[in-house]
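After this come two complexes, each holding chain A, first together with chain B and then together with chain C.
For the complex of A and B:
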C-alpha cells in the first residue's frame, strides 16, 4: 500500500500534462469544430525551439521558453491562415480538413526531423540534478511541479478570459454559431486566428515542459495529442473544464490501471476507456 | 495564357521536377541512399546494406557503415574475381522502414547479398531475403530467430552467450535479487531476457519482477513505483535508446540508488556518464588491430558491433569468390552454400571463427564497465 501516494502523484503529473494538451485542443475544437491533428506537431515545435535557442546557441532559458511559446503560436496561426482558413472559406468538408491537418502534422514533424534529426534529445542541461520534493510519500520533481502549477494557471486564465473579456465572449459566440457571429459584427477570421495562436502556444508550452521532464523528439506531438484528445472526449469535447477533468481522470485510470498488471497495457487501458465513453457517453462527462 | 495552357505547363513542370528527383535519387543524392564501388570489366556483385543512419541509434549504424566501407576499401581488388558494389539504405532502426529498404534493395538494386543491422529490422528482413533467395547476414542481432530459414545468418554474439556470462557475473558478485525492464516490441530485448531466464533456472538468483514497456513510452514512474520497494540488488535494463536513458533518470529521480546493469544495451546510449561505474555484459570485443585501423581511418574509436560489420562484408566477399567462376555472378543458392560452410575465418573479432549449423557465428561475450564515461572491458 506504500505505493499508493506515488501512484497518486504519478497520476496527477500525467493528468497535468494531458490537461495542458487538452486545453489547447479544446480551445481550437470548441471554436472551429475542427479536429486539428496538426496541433500535436506544435508541441515538438515548442520543444525544439527551446532546444535550439537554449542548448544550441546558449540563450537565456526564460527567453528561450518565451520564444518557444511565441514561435509555436505563430506557426499555428500561419498554418491556419495558409491552410485551414482557405479550406474553411471554401466550405470544405470535415474530412478534407482532417486530411489537411494530417498533412500538416506529417510535414511539420518531417521538417523538425530534417532540421534537428529524429534523435531523442533532452532540454535540461544537468540531467539528474533536479530538485525533488516528497509529498506524502510520493516523489515529484521541480519540473513536474511547474507542469502542475502552469496547467492550473492556464485553465484558470482561460476560464477568466471566457467569463470577463470581450475576446473570450467572442470565442464562445463563434463556437456557438459562426454565421450568427459574423452577422452581429464579430470578425470571425481574426478571432479564430487568435484561437489558433493561443491553442498552438499552449501546445508549444506543453512540448517545452515535457521536454524538460522527459525529452523531445519530432514525433512527440502525436502521442501527446492522442492523450489530449482522449481526455477531451472523456471530459466533454469542446468544453475547456471538461478537458481538464478528463485529463486527470485519464491520468488516474492509466496509472492505477497498471498497478497490478504490466505497464505495456497503459495505452490499451487509455483507448479502452475512450471506446467505453464513445459507446455509452459520447458527449463526455461535462456537456459543452 | 489560357487555363488549358497553364494546366499543360503545370503538368510539364511536375514531370520535369519528378525526373530531377528520380535522377538525384538514382545517384544517391536523395532518400538516404548511398553507393560505394565501381564497375569495371569483371562482373559486379552488389551487396545491399540496410542499417540505421538516422534516429536514436544512428551513431551505431554510422560506425557499422564505416566499418563495412573500411572492409571494402581493403579488398584486394586486383586479385578478386568480381567487382563489388555496396548500396546503403537507412532504415532508422525501424522494422517497417527495414521492410521497405530490404524490398527495394532486392527488387530495384538487385542485390546479390544483404546485410542488416539489429534484431527488430533483422526479423523483418529475414523472411523477405528467404522468399527472394538472397543470402542475408545480420551483424547486430541478439535474437537468434533472425537466422531462421535457409538464407539467413547472424554474425553477432548470441543472447545465450550474453546470458551465460551475465549469470556467472551475478553469482561472482553475490547478486541474487534482480528486476528486469524489457522492451515488449524489441525482439532483441525479449531474446536476452528469455535466454537469461533459461540460464538462471538452477541458480539461487531470483527475478523479482519483469516490467515490459512499449517503445515510445516516456513515463515509467508507475512501473518504477511498483518495483522500488521489492528489495532488488540490481536493475537490469534491456532497453534501447532513449527508453534506456529515460528509465535510468526516472529511477534516480524516484530515489532508487540500486545499481543498474544490462546485457548489450548501455552502449546504445550517447550518455554513458549516466552509467558511470556500472558493469554490464556486452558482445565480443574487436581485435586491437581493427580498433587501431578504424581509429586511424575515421579519427574516432569504433562503436560496438562495428567489427561485426567489417567481418560480415569480408565473409560475403569470401563466399562469393569461392562460389563463382569469375565469368558470371554466382546465384544466391551458390553464395548461400558458401556462407553456410564458413570455417576458420580470421577477422576483426578473432581468428578461426565458423558458421554454426544454427546459422550463427558464435563469438564470446565480455564483461565491461563504464569508467570515466568510456566503456572498458574488465573480464575477457
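For the complex of A and C:
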C-alpha cells in the first residue's frame, strides 16, 4: 500500500462527507442568512437513531436508515419552528440567532449523551469484515464507496432542484429577498421550514454514514459541522457547487497536511485554512 | 464546608472569566468565543513554570499574563479584520487551534496526560494550601479585577468602546482609531482570563487540555449572557447562577454521569430561553 494513493483516497472520502454537510449548511444559510450551528447536532441525532433502531431493536438496516434521516429532518424542523422562527419573526440580529444556535447544539448533543451515554459506538454489525476495494494502490471500503456515491447524488439532486423545480426557485427567491418573496405569494414560512427539514435530513445522513465508516459519539456533530462551514466558506458561501469544491479542497489539505505530522492536528489545519481564506479571499473561491 | 468553599472558589474563577469576556462581548460588541484559549494559556504557562522551575506563583502568573497578552494581540489583530458572524467563527477557529496545540505539543504540555503536581501559591513564606485561604486569595483577585473592569468601563476609554459597539463608523469619523481600541480591550480581557487560568491551575493542581475546549468558551459566554451583557455585576451574577444551578441538580439525585450532561442541557436551554424571552440577560444593559 503506497502512501500517496491512500492519501488521495482518504482526501476524497473526507471531501465527500464534508460536501454533504456543506450542502445542507449552504441550503440553510443561503435561505435564512444565519449560521445554524445547532445543525451539527443533527448529525449525531441521525447516527444515534440508526444505532437505536438497527443495533438496539434490530430493525432492518434500510428502514433504520430511512427513519434516521426522517427523524433528524423532523427534529431540525421542530427546532426551527420552536426557536428560530420566533426569533426571525422578531427580526433578531444574527448574533442572537448564533447564540440560540449554540444553545440548541449544546442541549441536543447532551440529550443524546443522556439517552445513549457518551461512549464511542460503531454502527456496523460486522466491523472489520467489510468488503475492501483497491483503487490505484489505495484502499477503499464499501461504506466509503457508498459515501462517495451518495455525496455526488445529493449534490446533483440539489443542483437539479435549484435549476428545474418551482420549489428550488422559491428557495432562491426567499434567499434573495424574503419580503419581496412574500409579496409575490411565496409561503416563506413553509419554504424555510422545508429547507430546514431537508438540510437537517442531509446532516442526519452524513452522521449515519460517518457512523458506518468510523463510529458515532454525541459530540461528533460539532467538528463535522465546523468542517462543513469551513468548506462552504472557502468554496463560496451560499453557492451549491462552491461548497462541494471547498469540501474536497479541505479534504485534500487536511489529509496531505498530516502527511508528516500527527493526525491530531487536522482540526487546527482546517481552521488555519479558514482564517487564511477569511483574511485574503472572504468571498470564497466561487462567488454566489 | 469544604464543599461550599470549593463552589465559592469556582465562582470566583468564573467570575473573573465572565468579567473579562464581558469587556469584549458586552462593552465592545465583539462576539468572541475564544476566552477558554486565553484561560488555558494562562493556566499552562503558570503550570509549566511552577512545576519545572519552581518560581513564585505570582511571578509565574505575571509571566502568564504577559505571554497571553502577546498571543492575544496577534489573534486580536487577525480577528479585527472580521465582522459579526465571521468574527465569531474566526474566534471559534483560534480556540480549536490553541486547544490542538495544548493537545499535541507534547514535549511542552504533556498532551492529553496533562500536568500534575502543580503547587499552591505562596507569598512571603505563607502557602495557600488550605482551601479557605485559597478562597480568600481568589476573592481578593476577583475584587481587584472587578474594580479594574469598573474603572475601565466608566473611563473615557470605556465610553469609546461602547461607542464602537453602537456605531463603529460614527466613532471613527470623530477621529478615534477603533482598531487600537478593539485590540487594547481584547488584550486586556485575555490577560484577565490568564489570571483566572493561573488560579485554576494552582487550585486544582492538575490541568489537561480538556478544560480549555470550545465548549468551555461557550460556557463562559453563557455566563455573561445570563448575567447580563455590559454589566460588571451581571458577569459575576451569571457565574454565581451557572455554577450553583448544576450543584442543585446534583442534590436532586441524578447520577454523576447524567448530572454532567444535565448541566450541559441546562446551559443550552438557558441560552435558548434567554434569546427568546430576555436577550439582555438578568441585569444586562446591552442586547446582542
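Quick note on the criterion: the second predicted complex is superposed on the first by the 286 of 288 C-alpha atoms of A that agree within 3 Å, B and C clash if a C-alpha of one lies under 4 Å from a C-alpha of the other, contacts with A are read in each partner's own complex, and residues count from 1 in each chain.
We adopt the following convention: a contact is a pair of C-beta atoms (placed from the backbone, for glycine too) under 8 Å apart; a residue touches a chain by one contact, two chains touch by 3 or more.
All of these numbers come straight from a predicted model, not from anything done at the bench.
Considered on the superposed chain A, chain B and chain C are sterically incompatible, since they clash. Using the contact criterion defined above for the overlaid structures, shared-chain residue A:141 touches chain B, although it does not reach chain C. Shared-chain residue A:226: touches chain C; no touch with chain B. In the superposed model, A:96 lies in contact with chain C only, and not with chain B.
Look at A:274: by the touch rule set out above, it reaches chain C but stays clear of chain B. In the superposed pair of complexes, A:120 makes contact with chain B only, with no contact to chain C. In the superposition on chain A, contact of A:35 is made with chain C only, not with chain B. Between chain B and chain C, C contacts the larger number of chain A residues.
By the touch criterion stated above, A:262 is placed in contact with chain B and with chain C alike. Of the two partner chains placed by superposition, only chain B is touched by A:132; chain C is not.
Stretch 203-211 is the one of chain C that runs into chain B, the other listed stretches 23-31, 77-85, 149-157 or 203-211 having no clashing C-alpha atoms. Overlap of the chain B and chain C interfaces on chain A: residues 113, 117-118, 262, 264, 267. Note for the complex: chain A touches chain B at residues 2-3, 6-7, 10, 13-14, 113, 117-120, 122, 127-128, 130, 132, 139, 141, 210, 214-215, 217, 223, 254-255, 258-259, 262-264, 266-267. Per the touch definition, chain C reaches chain A in the complex via residues 31, 33, 78, 81-82, 84-86, 88-90, 92-94, 96-97, 100-101, 103-104, 214-215, 218, 221-222, 225, 257-258, 261-265, 267-272, 274-276, 279, 287-288.
Remark: chain A residues 34-35, 83, 86-87, 92-100, 102-111, 113-114, 117-118, 222, 226, 229, 233, 262, 264-265, 267-268, 271-272, 274-275, 278-279, 282 touch chain C in the complex.
Taken in their complex, chain B has these residues touching chain A: 54-56, 58, 92, 184, 211-214, 216-223, 225-226, 228-229, 241-242, 245-246, 249, 252-255, 271, 274.
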